[in-house]
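Two complexes follow with chain A in common, the first pairing it with chain B and the second with chain C.
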Partner chain A sequence: MTVLGRWLLAQLGRAGLAAWAVTSFVFILSRLDATKPVDLLLGEPDAQRTTLAAGASAARRLAVEQRLGLAEPLFYVSRAQQAGVVSWQWHGLHNQYHHWLVGLAHGHLGLSFRDGQPIGPRWRAALAYTLPLAGLATLGAVAGSLCLGLALAGGPQSRGWRAGLHLLLTGLQGLPLFAVALGLLFAFANPDVLNILPAYADAATAEEAWPQQALRLVLPVAALVLAVLPELALLLASILSQELSADYATTARAKGLTTNQVLIRHALPNALLPLLTAWAGLLPTLVAGAVVVETIFALPGTGRLLAEAVAAHDYPVVVAGVLFTALARLLALALADVLYAWADPRIRLTP
Partner chain B sequence: MKYFWAGCLLAGSMGSCSQPVEQQAHTAVRIRWTRDPENLSPLSLSNQNAVDAANLLYCGLLQADLATGTYAPALADSLPQIQLLGDSLTHLRYQLRSAATWDDGRPVLATDVAFTLKLIFCPGLPNEKVRSSLNFVRDIRFDPTNPRRFTLVCRGQAPEFRFESGDFPVLPEDALDPTHSLRRLSLARVVAASADASPIPALTALAERYQKADIGHHPERLAGCGPYRLTAWETRRFLTFERKPHWWADALPAAPLVLQAKPLQLRFSIIPDDATATLALRRHEVDVLPQVSAREFKRLQASAAAQRDFAFYSTVSYEVVTAGFNTRRSILRDSLTRQAISKLFDPARLLQATQLGQGLRTVGLLHPTNDRRYYNSSLPLPTYDLPQAQVLLRRAGWLRQPTGWTRPAANGQPEQLALALCYRTEESTFKTIALQFKAAATLLGIPVDLRPVEGSAMTTTLREGNFDMYVRIQKGNPFAFNYTAILHSRTANEGNFSKFGTPTTDRLIEAVDAATTPAQKRQLLHRFQAMLQGQAPLVPLFFLPYRLVADRHIQHLYPAAIKPGYSAPTITWADKAAAAPVQQ
Partner chain C sequence: MSQPTRRTTTASRWLATGWLLLLVSGSLLAPWLPLPFLPAVPDLAHLAEAPAWGSAPTHWLGTDPQGRDVLTELLYGARQVVSITLPAAALATLVGALAGGAAGFWGNGGLRLPWAGWLTGAAAVWWGLALPGRGVVAPGLLGLAGLAWWVGRRPGAQPSGWAVPLDGLFQGALTLLGAVPRLVLVLVFAAGPALGATQVMGLLVLVAWPEPARQVRTQMLRVRELPFVDAARAGGLAPARVWYRHALPHACRPLLATAPLSLAGLIGLENTLAFLGVGRSPDVPSWGNLLGTLQQEPGAWWILASAGGALVLTLIALQQLAQQAVKRN
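Our next item is the complex of A and B:
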């Protein structure tokens, strides 16, 4: 096996281990309070309805807990304290964590508390919306940041359009995503302003041509791009400006290269390392952004799925979301390490 | 970058030009929902949208008539006949409509009703909520001379049995029990099994078949006798219902409102965000916008173009915004203190500030207009009155010190009047109420700690009693007057969040529930409302409005005080030339 192969295997192993640890922690933490999902499923009583017979409420509660698997012990051992005496009790393999872990090992993420349905297909369906959205947003943000970063670093920023662009990006960076998304919505899907883009994603019909369906992604993608673009562009512009003041850039200019040639041939490769770190760090921003964008534009993606599951205390869905996010984040970091090695041959990967 | 935007704008213009905004030959209606129904299993309808969807797919014996605010016969040919036996049993005699059939032409029979009830009480199914709403049903008896006639045997006696006993979707027996194996098992036996969770092989097999069929996501596998069938469902995006070409109620000579189904297609679009939904309406991407927030309603009304295109409706719902006290807290144990603190709320201004003045102030939990005959209008409306609050506090034994209001507690130590007020974070109305209350309390020198609670944790907070005061919506309905669930000492650990209840008030609540004649009910309800003001375990501030905006060519929406606040199946499209702007 090559060095890269061994390194990748080690990285994947570490990522899997870390994801398991994080997800297990969230699983146990969420199940410590089993009352909220049961309360939510049973709902609040309406006035003027027939009331339950004495004891029926407790029985109803127990029935829900048993159906959700919450009546079982949480972990292999539990700690009890009676009259100041602490005792540990062994529950064997019949516990919630063990069932979840065995299911996970077999590729089953569990059943939703809300409707008892398997979680895997739900996440797959949501990813079918979020992956294109996040992928397009990442491409847009990376391409946009390269263009804008190079444009900003190509000359003095004290005046002219560069100053205006710098100010605009700084202002955009300070705006919360929901304001950007709503701003786009009110600007481009509003009969009182510009009524040229769909207000939400669902208006698509099966008969609609794909360019029109793609149009429905324009505003959500634009909102996500605008959420991450300013930070990346300003970062790149700052690094490039530093590189341009380095000795090697002065030498290159003295040899007759134009500023743009120096930027693209010499400064940009050197600016890639910190930029790779920033690109690898896009995932948390996109996950957080997806919650807002998918809610505003009515896209049934993972962000909305996760937000709704958290609000409904649908812990199995939440735990699956944590697992996916942790895995994606760890794999993105591993990918960034590979790209580091590619961008800078001095970096060596050791398993 | 500019080319990118130019391309987007050009493509967008082309797209919007080619988008048809005309309704599909005036046969389809597009309605906004804020959330997915999640589950269409008739046994576990998890939210209002699921209930609304189930009403399109299934028929109950009785269904709520939005126009009159009463239950009307649907599958039943009339309201049930009541027979009281002794003081602990009720018999409800139903007769099914002779025209009622399933999609395959088989008649809907009493055996189908019995099968549905067995499913509702079947252990191992997610039926806890519907089971608890029918927990008074003990057995079903068939009429040997008429397969459409049956009697429900109910434990206990209460006027609301008459309506609640028929408020469940009736399901076809043949779909899940084609061999009729469950007929050998009486409903009484199934009810007993649900109570003691004793395993019965036939029920276990039924539960497995039901779960395996995944009815919640494939309602076509248990097709009901409602007017629509689900033709498309993309979770958290949209649901489309198509009208059945031949529905049994079409043959009725004069179909009542609950058996009318006009649109050939109903499409429910899930749009969580209010602003997006408003723009979708403005762009004619949806036709009906129910449950509109006050802010969006106001914004739409302010637009001349929206005024031209849409009709605006507002009805007073049965949801009352209520402040409640934890009467188990020593500082809130006496009614004088609770009355005094009630005076710190300003319902009149709060109604104006949060609901544009729509909605109604109230003296109690009864609807001021719809329950007029029982509403005690001789009582004063709750008002903001700081001087009176101070007087009442002093009468309750509180003394104003430089450090605040104190009085000796039961253990001899002084206790201080300081309050923690809980409310759901997602409702701006609650936040406004909480801030107004805190400002008033500060003027009086009472420290108030505002505790916004995440929506899903609020029920647990209330049930466990981790609060001094709360602000929440108390839901009601026009069908019965039973306050046991929210104010009886028996339910202090369940839905009676204020933990209120004395032997006297318990007896009054029981008497209200048991009253049989309108005169008796009126007298008892007047006393109940007076008791509620005097004891003040909770303070009803105002009834919330339901706001609805719809394309002005839409007719027969029946804006109503009960959820969902309109009737989707009765909607028709008016001739565009004839339609005139409507505002209600």
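Our next item is the complex of A and C:
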């Protein structure tokens, strides 16, 4: 294995470790106060709880705690402070964190605090909406950035339509996704302006024909693409114009090749490596962007699931969301490694 | 550069600075401006009304679906930006500059702590956490530290110790914070009860410091090899002084261009949170909150135009400033 290949694997290992650490941290943070989730499930706000008959309520609380696994200690060790004396206690393997880890290894994400139902099927159903959304947006962003980057690098960027495009992309680059999505919603799905595209997917029914369902994805995908496209296109344009001033590009032009031939045959392959890193960063960005886009366009995907879980303090769903996002980043990194090896023959992952 | 482009550059710089100054002064003076309505107080007779400039008292920019005056909410929303996001961006830049600068300057082996220091630290941690047997272990460690100090003080002793892996710690923190996108990270921390102003600021600093830190570290790796740093070292200055007075000011130069961008990113993030209705209590006025009411009233063009316009203008103005700084560098 080459040095670069080892470096890539080490990067992957570090990212995996970070994903585990962050998810564990969020898990423990969310379980520190065990009374909150039970309150949530019993539907009793704090003020009401004090006035309820204590006996019946306590029994119900205990039952709920046991079902959610909240009656056990949180971690392997715990630190208790009683009358100024601090003591550490070892709990062994019967703790919430260990059970959660073992469950994860078996593919169980846990139970929702909201309704006590398993989370896994809900995430799978939501993924069926988010995966096409993120996949289409990735395709659109990659294709769009290639076209726009090549177009921008094809001539002087200070005059003509290229200057306009450059200005537009720079302006768009600074905008947050929700502003872009709101603008699109207002312009294309508004009875007062232009009502040519359907905006809300909640109205969709299962027996609706697929062209209708595809139409509903147009605006969300466009919003995601517009949010990530400017950065990628401007990056590619700046790398390409650097490459064009290199000696080999001058030689290629001296051979009599046209600008387009020099760009695509000679400069683009060299510009690809830094671009691959940027493309690999797309997946986590799109997963985070799905939170905003799915809320605005009312798509029942993972982003909206996460946003609703956050609003409802449904921590197991939030922890699952963090895990999912971290895994998306891990997947993107692995994909980038493979693409690196494909694009640059000097890197070989297998000996 | 030809004449007309220079003129447009100057004009755009003045426009950007002018808009930002207007925003800051308007937000600071908001409590004393003759506004006919108070923030977060609904005018139930006028719900989601377009601007109508005939009647008195006038809703100059209309009202939102809860009957709040859009102009008042805009100004008080700008107050939020000036009082929370701006300090958060400044603090994040400062923290990032110090952390990245230290990691770049000393690396993994540059900062040596003598054995006595390590042992005293271990004793303090053992005692502070009240780990088992602290009555025996902590004094024992302290005794060892004293021994090490005495050995190191003897004439002719070699300076010995263990290096603090500053760069490793720094990279680890960056990897940890980069494991999930920052919108998801902020959402997770905001999942609890509504946050106060200080907590929001702390959260924004937490997610924003890695960016400037990475830049300062990269620049510092270059700066520390320059002759003037060597000269300062050879002149007998303490390493901390060389770092702070000589190397750090040079390593922080790229921050001039990226600080406005980092502020713009934080403004976008904070308004996204307010738009999603997460974190702050919904009574706190903000542009994102105002834009969020569009989901109940999709035809309210006056809200989109005013709040969206203010947000977009601010972000583009900050971007302009950043570009000017890049050109001047």
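Definition applied: the second predicted complex is superposed on the first by the 285 of 351 C-alpha atoms of A that agree within 3 Å, B and C clash if a C-alpha of one lies under 4 Å from a C-alpha of the other, contacts with A are read in each partner's own complex, and residues count from 1 in each chain.
The rule we apply is simple: a residue touches a chain if its C-beta (ideal position, glycine included) is under 8 Å from a C-beta of that chain, and two chains touch if they have at least 3 such contacts.
Bear in mind the structure is a predicted one, so any value in this text is a computation, not a measurement.
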Open item on the list: With both complexes superposed on chain A, which partner does A:304 reach: first (chain B), second (chain C), both or neither?
Closed with: first
Open item on the list: Taking the superposition on A as described, I'd like to know which of chain B and chain C A:144 touches: first, second, both or neither.
Closed with: first
Open item on the list: Let me test your reading of the model: by the given contact rule, A:322 touches which partner, first (chain B), second (chain C), both or neither?
Closed with: second
Open item on the list: Looking at A:14 after the superposition, I want to know if it touches chain B, chain C, both of them or none. Which is it: first, second, both, neither?
Closed with: second
TODO: Could you look at A:313 and tell me whether it touches chain B, chain C, both or neither (first, second, both, neither)?
DONE: both
TODO: Answer with first, second, both or neither: which of chain B and chain C does A:185 touch in the superposed model?
DONE: both
Task: Partner chain(s) touched by A:285 [first = chain B, second = chain C, both, neither] - done: second
Open item on the list: Contact-wise, after the overlay, does A:57 reach chain B, chain C, both or neither (first, second, both, neither)?
Closed with: first
Open item on the list: Going by the contact definition given at the top, which residues of chain A touch chain B in one complex and chain C in the other?
Closed with: 182, 185-186, 190-192, 295-296, 311, 313
Open item on the list: Using the touch definition from the top, list the residues of chain C that touch chain A in their complex.
Closed with: 5, 129-132, 175-176, 178-184, 187-188, 190-192, 261, 264, 268-269, 271-272, 275-278, 288, 291, 294-295, 298-299, 301, 304, 308, 311-312, 315-316, 318-319, 323
TODO: Mind listing the chain A positions that touch chain B in their complex?
DONE: 35-36, 39-54, 56-57, 59-60, 63-64, 67, 114-117, 122, 125, 144, 147-148, 182, 185-186, 188-192, 194-203, 211-212, 215, 218, 222, 295-298, 300, 304-305, 308, 311-313
TODO: Please give the residue numbers of chain B that touch chain A in the complex, ascending.
DONE: 1, 8-9, 11-13, 15-16, 18-19, 35, 38-39, 41, 44, 46, 123-124, 126, 128-129, 131-133, 135-136, 158, 160-161, 164, 195, 197, 211, 214, 216-217, 234-238, 269-273, 275-277, 279-280, 282-283, 285, 303, 305, 365, 454-457, 459-460, 462-464, 474-477, 479-486, 488, 490-491, 493-495
Task: List of chain A residues in touch with chain C within their complex - done: 14-15, 17-19, 21-22, 26, 30, 79, 86-88, 158, 170-171, 173-179, 182-183, 185-186, 190-192, 284-285, 287-289, 291-292, 295-296, 306-307, 309-311, 313, 315, 318, 321-322, 325-326, 329
